[in-house]
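Sharing a structure here in structure tokens format.
The chains carry the letters A, B, C and D, assigned in the order they are written, with residues numbered from 1 in each.
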Amino acid sequence: MGHNIDLTNYKIRTDLAIEAIDNQKIKGIVSKEINEDGIKITEVMVNEEASQIINKKKGHYITIEFSDVTDYENSKKVEKKFSRELSKLINKLNISKEASCLIVGLGNSKSTPDSLGPLVINNVLVTNHLFELGEVTDGYRKVSVLVPGVMGQTGLETSEIIKSIVDKFKPDFLIAIDALASQSIERVNKTIQMTDTGIHPGSGIGNSRKEISYETLNIPCIAIGVPTVVDAITIVSDTINYMHKHYTYSKLNINNPINKLMAYSPNYLKEKITLNKKDKEALLGIVGTLEDNEIKQLLFEVLTPIGFNLMVTPKEVDFLIEKLSLIIGNGINKSLHYNVK
Amino acid sequence: MGHNIDLTNYKIRTDLAIEAIDNQKIKGIVSKEINEDGIKITEVMVNEEASQIINKKKGHYITIEFSDVTDYENSKKVEKKFSRELSKLINKLNISKEASCLIVGLGNSKSTPDSLGPLVINNVLVTNHLFELGEVTDGYRKVSVLVPGVMGQTGLETSEIIKSIVDKFKPDFLIAIDALASQSIERVNKTIQMTDTGIHPGSGIGNSRKEISYETLNIPCIAIGVPTVVDAITIVSDTINYMHKHYTYSKLNINNPINKLMAYSPNYLKEKITLNKKDKEALLGIVGTLEDNEIKQLLFEVLTPIGFNLMVTPKEVDFLIEKLSLIIGNGINKSLHYNVK
Amino acid sequence: MGHNIDLTNYKIRTDLAIEAIDNQKIKGIVSKEINEDGIKITEVMVNEEASQIINKKKGHYITIEFSDVTDYENSKKVEKKFSRELSKLINKLNISKEASCLIVGLGNSKSTPDSLGPLVINNVLVTNHLFELGEVTDGYRKVSVLVPGVMGQTGLETSEIIKSIVDKFKPDFLIAIDALASQSIERVNKTIQMTDTGIHPGSGIGNSRKEISYETLNIPCIAIGVPTVVDAITIVSDTINYMHKHYTYSKLNINNPINKLMAYSPNYLKEKITLNKKDKEALLGIVGTLEDNEIKQLLFEVLTPIGFNLMVTPKEVDFLIEKLSLIIGNGINKSLHYNVK
Amino acid sequence: MGHNIDLTNYKIRTDLAIEAIDNQKIKGIVSKEINEDGIKITEVMVNEEASQIINKKKGHYITIEFSDVTDYENSKKVEKKFSRELSKLINKLNISKEASCLIVGLGNSKSTPDSLGPLVINNVLVTNHLFELGEVTDGYRKVSVLVPGVMGQTGLETSEIIKSIVDKFKPDFLIAIDALASQSIERVNKTIQMTDTGIHPGSGIGNSRKEISYETLNIPCIAIGVPTVVDAITIVSDTINYMHKHYTYSKLNINNPINKLMAYSPNYLKEKITLNKKDKEALLGIVGTLEDNEIKQLLFEVLTPIGFNLMVTPKEVDFLIEKLSLIIGNGINKSLHYNVK
């Protein structure tokens, strides 16, 4: 073992398409990246061919990466970008301004890192019943909401609850919001992803809930997700890569007098440095000879039998989830109703 | 006006069958009353004929009346009676020990006096999904739960949410829990009613949500309710009757030296006193000449145009609802699973 | 009894100075009333002489009366008036722009109708600790907060918790927020009162907590209160007066063809009608011969021994308290920091 | 760097005395360990001399280590041991059965991983005010509680709030409950520590709040803590040690046919294996040559400048904290009142 790693056991647990793509350079993927106001927006279009390679469905994947949302000004900027990108995605799906929408808040409202979906629902404008009362002015569409809970709470398969509601009330399209697992430390609570491919549990955190998609529901399904948890394997494997980069950076700069004068260490991640295998091996021995996937497999074998491959969330999770649910709720309102500004 | 009251406007707003019956002595109703441990249990069977007179569906109505549930000992007694009566009702419906149950917590979890249903769900044992995993021992049945929210939150008709879930998951029977309006001060937060007739919004608080019953869902529907709110009309009209009784009692006892020595007034409601119309007229003038329904109609005409026919709840509502949801949740668990004691 | 009422038992339970004044026309009171944007602001100055008559401390009493705060536009108007009046009160006390403030949220966070104080604290800007870190720009003053709980939760006398904190941290002045009992249906959740006399439990809801005032703490103490509960006596005695007015109004208008054509009854409270004792006696018999205080005393004797003088709150209390805590929190922030707009 | 680590920057962030001791074998420490029902209880007595070496105050440190508290049976066992150990500690301090106690719930009730203290307070029996009313039977002592909040909420130094309350109300002793940072993955939410030395922020998570101890308050101060968060440095450095052990174990067992037949990997941590430096170097290169403290320092230098030394908590934190607060609350009740069983 160690020299002899079996890669079949460890599946990369990520719900974020951009992370799947980070790991592999693939044909059949068109990707655009823009940076505005310190916010990075990546749009990825996956075609049929690429779909099979990266095990992600054909469709659009938009990722918005940002820093601190507890800062009010920054949160307003993120909200604006998010709403703009969501509007674009809705337009691409040829959804009309009158089309009715069911918004589904997935997850467990009693578990903070899993409560994003239900919390977004609290911030969403519900109008469907007002239309029947004739109380709605122009500029609004019909919106209803559903918080289906999780199977451990309800005893019922979540995807089937959704299907029964969709079949009964016949909304024209669906938006589902969920908390996700991240495959990288740096994206936790700092990324919003959206896609028109719906939700496909197999590629994500490993729950057995079934697909929420056009294929199962016969209406367009937009999924919005934020990675709120990360596992110990990812923390350690990311750190191993940072150690490699930090080591190389330090070797290059050890005699740079500027570094010696700095009170705080520089953010070496921002530097363009050519990494080589030799440094990694010197620093990390056998571990340094392994590919990323092999390191993850090794960590899986080390941590799982002793029960320490924890799924964790930053200790500030309550405040972050609250801000993120406000950003997403407000952004959805603006995208769905052209009279909300 | 006053002498000339139009009784067509004011509908008595009560969800409690026992209250409908109190007001009118009716044929076709069989009624049993027992008192145990300071708890009064009334069982009423309404047949087809009586059903039309009291505007309550044919079926069993069981009412459990009690005093302070913030007392632990007393709450345990109420839980025991409640569970026993629920078990009897389930048996009368010929529901088998293996029959699967969907428990529906009606009401708005964000409004304390309306949150009884959702809170009961928190205290209920959910087992349905465990059966599929083979994790359940003998003595348990399949139980799933639903908290459908209210239309103002979801935009969707609550009864139709329930119907779509019942149609999809096909439970063998349903238990719905809801907070009710009371037609008497003394029953608020001090009564649990259950019935095998389901929920019929027309007779209750006046929301337009539709029926939840065997007729609409094709499975037995047991409704469990607690009156948690009362309107100002009821508070005033009840008080007018208490004033009448108190006046007659005082006249009879004014020279009784025992009364003069008492530090606190006696509970005159417990006394058997013959009331007469003349006392009521002397005490209350024209108002004293009116029948109960006429007084309520008058109060409706007085309070409604000025916006003061408030629906109110006792200020201790948070603590009472919490205790009641524990009693009902525990009681349901014991009635549904013979392995829960 | 009835003819022979002992007025010594029933104390009018009100924390609202304006209500004490409504009941009695008193010398030594200067009163101003303005109406703006549908909001009525009453300022009452009580001097030493009047103080003894109405059993309210010498000082300023400002009352802001409004209608629906669940309407966003209206809530913003109320916030603006409230903040302006609070600023004026602070100025009258000669409190400087640099003076440090301790804001105390009284009441029980676990009881909705009593949670106003703790909820306001959630909406208040806390700056005291930031001054020590040098992180505060101009336009802010030092603000700290305290949520002392209630004696039933802490086991400690609330006024002494406050005194110990004031003695230790030495704020320059104090603002205390509390939920109050109302002496009139129409003010419940529709009035904000503030005063520079502090909090004097004896005149209010009857809890034995001690005074929070300049006399006990040696710093100016502003009290802000909202009546959130009302007792059954008040509901009934108010309704008796409405019945009287409604009866007189109806007699005058019974043949007015306009009334017969109206789908809804008019708001007769808005009409100027001369009331006379004779109508009240005809309508209400012996009860109609009693003064307001005597009617309340009678209701006390009727309802108390049977346990039905409930303190109640409107069933929408959760939503109203939330809005009111936002209005008061935002208003305080604007009054305390001239850089908050 | 790497070869040339400056150990002055990184302070080991632990509030757990047992962890400080794990790292160093010290004279002047008497230690006892028992294992009962799968629960490990370690009692450490630190004398003056050892105190200075491990930077922990002289006194008793008791640590209770357990596994899953979401299992009801196991949680009851932990509660029993915890209460027994707390009673022993109270006895050692010569605190009488009549001595009054102030229980302080430290931390931020709005941040789940930091809410242990406030949540315990909800489960604690408060009796102080009942003594004044003469409502207490034998077998209870005077208990009052305080939830002082955190400086970011109140603007006030928490230790000074406590001091002002202690000075005013003069309890005979104090129990403070707080959530802690752990220095090891395996203790997070699986350890309760208690000590008679009070709380000394300098040795723990690094907040600047001041000491809560006999020295500052003049009454015995018992601190009860649970590690609920851990930093990324600890996760990585623990994993590096597990990798070393796993590597050695694998080398020894690679040809063991039993291992090849096992569906799941064995818990190699339970095996007695002799570790050697050479394995660590082969596996981990330069990193493998470093001492534990040096590795932590390196990780600090790698993770801090890029902002990824996250403090994290397991994603199940809500459920774990709830169970732990029940265990500690119930345990305290049993230890403080001999009539609570």
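A few comments on the model shown:
The rule we apply is simple: contacts are C-beta pairs under 8 Å (C-beta built on N, C-alpha and C of every residue); 3 or more make two chains touch, one makes a residue touch a chain.
Just so it is clear, the structure is predicted and the values come from calculations on it, not from any experiment.
Annotation of subunit B and subunit C: not jointly contacted by any chain, touch as defined at the top.
With contact taken as defined at the outset, there is no chain that touches subunit C as well as subunit D. As a whole-number value, the distance joining the C-alpha centres of subunit A and subunit C reads 49 Å. Chain geometry summary: the mean Cα position of subunit A and that of subunit D are 33 Å apart.
Contact of a single residue of subunit D with at least two other chains is seen at no position.
Chains that are in contact with each other form these pairs: A-B, A-D, B-C, C-D. Note for the complex: subunit A touches subunit D at residues 1-2, 110-114, 185-186, 188, 229-230, 232, 235-236, 238-239, 242-243, 246-247, 250, 254, 264-269, 281-288, 298-299, 301-308, 310-319. Contact residues on subunit C toward subunit D in their complex (touch as defined above): 126-130, 142-147, 149, 151-157, 160-161, 163-165, 167-169.
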